[in-house]
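First chain A sits with chain B, and in the next complex the same chain sits with chain C.
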Partner chain A sequence: MPLSKDVYRVFEDIVGEKNISDADVILDAYTFNWLVEFHPGCAPGKYLQNRPLAVILPGSAGEVQAIVRACNRYGVKYKPSSTAYGSHAFSLQEDVLHIDLKRMNRIIDIDAKNGFAVVEPYVPWCQLNAEAMKVGLFGTAHQAGSQASALANVTSGWGMNTMGNHGGHNAKNALGVEWVLPDGEMIRLGPPDAWFTGDGPGPSLRGVMRGHVGALGGNGVYTKCAVKLHHWPGPSTIKTAPGGVFSGYKLAEPLERARVYMVDTPDYETLADLMYALGDAEVCYAIMRVGGPEHAFAILAGAISNQTLVDWHEAGMVEAAANEWNHPLIALLYAESDREFAYQEKVFHQVVEECGASIPVAVQVSPFKDLLEEEFAIFLIGNDTHWAHHGGGFLISAGYMGTTDSVIRHMGYPAEKLKMRYVERKGILADGPDSTYHNSFEHNAYIYKELEFHYDAANAYSVEECRRLVAEERDTNREQKDGFECQDIGLCLGDARMTIQERFAELGPLYGDFHIWQERMKRAFDPNDVADRSTYGIGTAARNLKV
Partner chain B sequence: MKSAKSKNLEGDLAAIVGAEFVSSEPGETAAYGADRSYVPRKNPDAVVRPQTREQVRAVVRWANRTRTPLVPVSSAPPRFRGDTVPAAGGVVVDLSGMNKVLRVDRRNRVMVAEAGATFEDLAPLAEAAGLRMVGPLLPKAGKSILASVLEREPGIAPRYQWDVSDPLCCMEVVFGNGEFFRTGEAAGPGGLEAQWKIGGAQKFPCGPHQLDYHRLVQGAQGTMGVATWASIKCELLPSVSSLFFLCHDELAPLVSYAYKAVKRNVGEELFLANGKALAMMAAADADQAARFAHGFPSWVLVHVINGFERLPEERVAYQTADAADLAQDCGLALKKRVDGLGSASFLKRLRTPGAKPYWKHAAKGASQEIFFVTTMDRAHQYLPIVFNEASRAGYPASDIGVYLQPMVQGSSCHMEFVLPFDPEDERDAERVREVFFSVSRALLAAGAFFSRPYPAWAADVYRARSDAVIPLRRVKSVFDPNGVMNPGKLCF
Partner chain C sequence: MALEDYRNDMMRCVRCSSCKFIPLGSIVKSWQFAYGCPASKQMNFHSYSGSGKLIAALSWLDGRIGVTPELLDVVYRCSLCGLCDVSCRMGTDMEVYEILHQLRKKLVAEGHGPMPAHKPVIESVRNYDNVWVQPRNRRGRWAKGLSVKDLSKGKEKAEVLYFVGCTYSYASDLMHIPRLTAELFTRAGVDFGILGARELCCASPVYMVGQQDLYEEYAKKNIAMFNELGVKKVVTSCAGCYGVFRSKYPLLGEDMDFEVVHAEEYLAELIGSGALVPKNKVDLSVTFHDPCHTGRMAEIRAPSGGGEECHLGCLPVKNVEKVLGFDGSYDAPREILAAIPQMKFSEMERIREYSFCCGSGGGAKSAFPDFALSAASDRVEEAMSTGAEALVTNCPWCEKNFADAVRETGAPIRVVDTIELLAQSL
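Now for the complex of A and B:
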């Protein structure tokens, strides 16, 4: 049901006429996003079924609070978003007011001494890091890309990032937070007048704010947040120059005391050993994978054109790499002093050798050497993920957190077999068996891994194959009791067998009835049920749960 | 003499845990009715000592049926903070009998321990596996590891603390409503052993899904439920270690050094103390504490640089050279000795959990502690507040130990004042009582953030934070709807 004129005027009075709209042309912009074709009723390439009631753009925390209070007063559901990467950023239920936080885009402060920045919701990592590097700090940009909101990443969404081996998972990088609760009350996590911590007094309400996955707008609106930053051993600005193989630019000059390595391992067991040993040695600023050689080339070529990948295949480049490499790993060494760098290099090579891994000859000479040193360094640091969307469709089967052994057990050989069956059926891109992306966190204390595949978002068969692949992967996980599914990053996508809400409901009893606990918390914090629940817990079905 | 109520409780609880594990003898209950804090004595009606998780759950369910308050306790006495003194009688759930270290996992650098396992229990097992837990500064003998991480006691190696919740990974908890729950990666499916079989290690703390349950149990002083085991992140055992003292009359240069060293990952253990506190940490007895304190400099930073499995000497060498450069930048120098205290002997003490005497009691036999969270660059602002308040009450400022522990990779800092007193001297004890409250009030008024509000501070802290009280009570209503868990603590 549309907003009544009177209620619309209430919201208009809060933000001003220019900052609210219910025009179709505006509303449609909030129905198309990455992965919408996987939602019920959305044919490939089409929009989400539900338009928001209106889109409102608050300019301050006070306006956000006033909007949320009005939502409670008039029974209007709301969904906040910031940089909104993915269909989960929009409500999947009807009659929801969309609160777009894009006007709140200020870096409030960078506390260089204590290593954190206070930001509003629409400050992307690239904006934050450009400023942070000037004072010797660096933020752990989400792997979704540096265009993503730093605040959303640490408070509301996911925590994976390429620099996690040094900087940790972003669920752990939030400090003080300003939060408009679902009922419109505003609180500060941590001290009322400072941002250096978000924990206390007493139990930390960060536990309600988010878990492994954030509340995705289902638990109020976070209006400011202190993001923990990490030491940056590099220059205050990174100078680039035109050129490079695939990104159109490259480092203008090499980074001092930094080196990107690609190390190959013959099998997943060796890969695991290598990762554990590198974690123990604490010599890597970043440890990550982009899958095997064919997948890596597909991603790299995607930045240029589809034809580039064809050209590379025809030139034999991909096949040559596939013959020499098996399960490569990318490591970034980055040191503060020459002494430290010398030690890192020595230990790194010792670990590689002892684990039975190797540095392929091809990456020790041009052009791959240049690619790693001049371009891949930017990818790691700048976290430029536009490469991933080759062919227009890019999906992950699920994202798992866990120990290296447990994740590789599940996402190694079994994932290869699964993927190749779907490659043979021609529903997804044929880019080799190993397409598992991963990041390490806290010196490989745990890792994140996802099975990636490319598909045609405008092709119904391709989309359906993806839905089947995801269903099969999830079902296999269940049968093998691998125990990751609850840690699924929850892109809120259904699969060929059921909706994501149905799947979470099925999973709940296997994981301590987490869905019931979440619903209890939801009802305690959102008594009027106005914060959008379509991407929270088991979604709208939770209203019928007996808790 | 036992009351009829106590006899009834004893009977009910004996049916759950067995008669030998429950007592309502006044002599036994009295041991839990008071601690070294200023919380008024209130003896529990009974003490129950469950031996299994199922017994813990049965006790919590019984408490819900009978609306009986439960107070979980896992560390051995003496206890200091008032959080385990029953505010409303009821039953103390003493978990010290559940003290097994269930697993030490070298490959994943993690261990799993039951609630009653102490730092002394873990250390030799971890060491045998080539690991160590980087715990709080000189934990007292009998301190439960689980209690320590639930209390968010800061570890002494800030660069390993990505989050204030570290090194806690996962835990099992019986929430106040009597339901089991395992947090983080441990949530399921299956129990510990089933997860170990597939390579799991209960390492990832977040979740499951969209809540972080561990954060809501930490800092809760037993008001949300009873934790039965926890998995704790460990680090490699150093094979070579070098401890340095950096000394100065002013705090500022040491703070500058601490920021640089922590941010750049130079060394591991790092903390700051005034001469008095360092003397207490290092001394074997009161006389030695007095001698040390007399000769020690005003401020000392303790920094340990370690080598591990790979090229350990080379690591210590390069890090020492880097540390020396940082020190020079700050007008400081790395020293291996500070007036009678050698680095090797102090390092040995630092790595001996449960060493006696407990450092805060070394000077006079007893002490009171006041601590809060701030940042290192703000710390100096609180010194005159404390010293002036103490002097006003006739307590010598020179007797006060000050301990600064950088936390969460240097983004914040635990600041602690230790007020030693002679427990045999009533006047001294009374004077410290007066100082404790006046200093606490002054610090609160100055904006000190008491993130762990133990009973002496809770009322004042929450009075000023009504914004936090309502959401915390909502959380409480979810986990402990009948309010049986440690009522009268925090804002519940």
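Now for the complex of A and C:
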């Protein structure tokens, strides 16, 4: 049911006429998104079945609170978003008010001494880090790209990042938080007069706020957050020049005391050993994987053009690399002093050798050599990811978070085998079996890993194939009950045959009945049931459960 | 070529919002100047971004939305500056600019566009061959008293046609720019002439608002006239003329027997060869604004018309080469400024292919003056942040818009054309 004129006016009075709209052209921009095609009933299009009732743009925490209170008063459901990259940022429910936080875009403070910044929701990592670098700090930007919100990532969803080996998972990088609860009450996590911690006084609510995956907009609205920043050994700005392979740009001058390595491991066992050893050695500023050679080249070609990837294949470059290396890992060494850098180099090489890893010849010549020397640092800083959408999308299977050993050793091969069957059917990009993206945390003690596969969002067969692939993977997974955390809890999509609530109900018993706990919290914090339920709480599926 | 041909690209937008910002690979340098899209900076609904317009276009094609005032606002409250295209294409093969333009074309073709404020401009071109509702016979007035060849009658010949453009021809506050330019050419011994009253609008403004028929008519007339004159080079001072001559006319498939050069490129060459030697000191600190139409929008973006093939499973490969805005005319004004003794030059954060638009292009200044002013004020602030006393540029539209912003905000900075500084130093 559309908002009545009177209720619309209530919201309009809060934010002003310019900052609310129910025009179709405005609403459709909050209905169309990447990954929508993997929700039941949406494919092959990218529009959700329901438009929001209206989109509202609050300019302050006070306005957010007034909106949420009005939602409670008039029984209007709401969904907040920051940069809204991906379908999880929109509600799958009917009759929902979408709260776009774009006007709340200030960096309130950077506390250089204590290493954090207080930001509003629509401060993307690129803005935050540009300012943080000026004071020798850097935030753990995540791979959705540095155009995505820092606050959303640390408070509300996921948190995997390339610097996690020393900077931690972003769930840990949320300090003090200003939070408009689902019923409209405003609270602060952490002491009322300081932002350096999100705990106390009294029992910590951080777990309730964030959990592991994040409440994805189902648990009120976070209006400010202190984001932990980490040391930055680099200059206050990076000088770039056109001409890069990967992002179109390269470093105008080399970064001092920095070097990017790509090391290869013959198998996943060696890779896991290398991860632990590098974690213990504490010599890397950033660590990540972009899969095996075919996938790495596919990603590399992103900025140039899809044609480039075809050319590289035709020139035999990709095949040559595939013959030489197997499961590479990328590491950035970056030191505060020459002495520290020399130490990092020495230890790094020793660890590589001791673990049976090697530096492939193919990465010591163009284009990989140039990429590593001139560009990869930019990539790690810029974290630009839209290159990964060769045909307008990628999806993941085998997205797991767990101890390094268990995830790397056990989770790779079966999913790769499955993927290759679909590669043969030409529904997804042929980029080899190992298209693994991974980040590690806490000195590589645990990792997040996903097997990416690229599809063409404009090609109905390709989209269908992805849906089939994920469904098949989920079925296998279901049978195995393997005890790993499946990322679809977080991504809330994938198996297009069922709703998220049905998937929660299915996965819950495998993971400590999280769905019941979540539903309990939902009911306790959201008595009028107005905060969005599409990705939080099992909703109607909870009817038959004792919560 | 039609909007429908780009359906696949619309479907491939992932709504990442990269098109709101300057390309991330170039590393944003501050919170304040991270935005690249002036429309997104001013209007906060996602619909106003490049991505939002792609979604709007798809929704309209699919019959999900009709043509409403809100749709027209989304489409035309945009300077068609092409930043979104550059930022998106740093990682994709999508033709964002082409879609934005096709969307305008379709709106016009179906009788919904352009905006009411654009109609007098279109009529002016139709009736007077210029955008300023001015009589044809006053077009050459700027050259009064100068001894320059008049190529319009076919009696005199020259190697170079100096094409001045509507705004420099008629705007009395800007007329000194073509006069100075002509004087510099004369001083350097350039064999050039002008068209005077026979000069026609380049038709960039009508192209920008989507009036394709009129654009093609004038573009073809201009090409034919330039060919007929037998000139080797067409040199222009106006960024709009330069951009459309260089990047859009070639797409019409007509033979073009001449090279298109910006006056500053020509002058930079003359300085390089020693034909002009800036000697006088100009004790001024300056920064330079790259106009969209001498920069990224001067690069030829051959549209694919939706042509693509599938490779490596499902990898869509386009039938055209991708460009990223690098081939604009960025160096010439900087070379000129560097040659002026004692001038202090600092760059702004958003430069070259990711320059922040002044906000006046694409018909935005006439239809949405508040939008144009907000973009210009943002840019003026950026110029001020460099400590510059003068904001230098080489486009009459940008100059006018910046001057308005400076007047409005009282910002203590001058708006100057590169040519004025060069002339001062000679």
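Things to note:
One rule holds in what follows: the second predicted complex is superposed on the first by the 522 of 547 C-alpha atoms of A that agree within 3 Å, B and C clash if a C-alpha of one lies under 4 Å from a C-alpha of the other, contacts with A are read in each partner's own complex, and residues count from 1 in each chain.
The rule is short, and it goes like this: a residue touches a chain if its C-beta (ideal position, glycine included) is under 8 Å from a C-beta of that chain, and two chains touch if they have at least 3 such contacts.
All figures in this text were calculated on a predicted structure; none of them were measured in a lab.
Clash-free side-by-side placement of chain B and chain C is the outcome of superposition onto chain A. Using the contact criterion defined above for the overlaid structures, shared-chain residue A:G302 touches chain C, although it does not reach chain B. Of the two partner chains, chain B is the only one touched by A:P201; chain C is not. After overlaying the two complexes on the shared chain, residue contacts for A:I238 are found with chain C alone; chain B is out of touch.
With both structures placed on the common chain, the touch criterion links A:Y446 to chain B but leaves chain C unconnected. In the overlay built on the shared chain, the residue A:E131 is in contact with chain C alone; chain B does not reach it. By the touch criterion stated above, A:G393 is placed in contact with chain C alone, chain B being left untouched. By the document's definition of touching, of the two partners only chain B reaches A:M521; chain C does not. When the two complexes are laid on top of each other via chain A, the two nearest Cα atoms from chain B and chain C are 23 angstrom apart. Interface of chain A with chain B (complex): residues 113-116, 136, 159, 167-169, 171-173, 175, 181, 185-188, 190-194, 196-197, 199-216, 218-219, 228, 230-231, 233, 276, 279-282, 336-337, 339-340, 342-343, 346-347, 350-351, 401-403, 405-406, 408-410, 442, 445-446, 480-483, 486-487, 490, 504, 510-515, 517-518, 520-521, 524-525, 536-537. Residues of chain C that touch chain A in their complex: 7-9, 11-18, 20-21, 23-31, 34, 44-47, 51-52, 55-56, 58-59, 62, 64-66, 68, 70-71, 74, 88, 90-93, 310-318, 321-322, 324, 326, 352-353. Taken in their complex, chain A has these residues touching chain C: 19, 21, 23-26, 28-30, 32-34, 45-47, 55, 57, 83-86, 100, 102-103, 107, 123-124, 126-131, 144-148, 237-238, 240, 242-244, 246-249, 302-307, 309-310, 313, 378-379, 381-393, 423, 426-431, 454-459, 461-462.
Contact residues on chain B toward chain A in their complex (touch as defined above): 107-109, 152, 162-166, 179-182, 184-185, 187-190, 194-195, 198-201, 203-204, 206-221, 223-224, 233, 236, 259, 263-265, 308-311, 314-315, 318-319, 321-322, 325, 373-377, 408-412, 447, 449-453, 458, 461-462, 464-465, 467-468, 470-472, 474-475, 477-478, 490-491.
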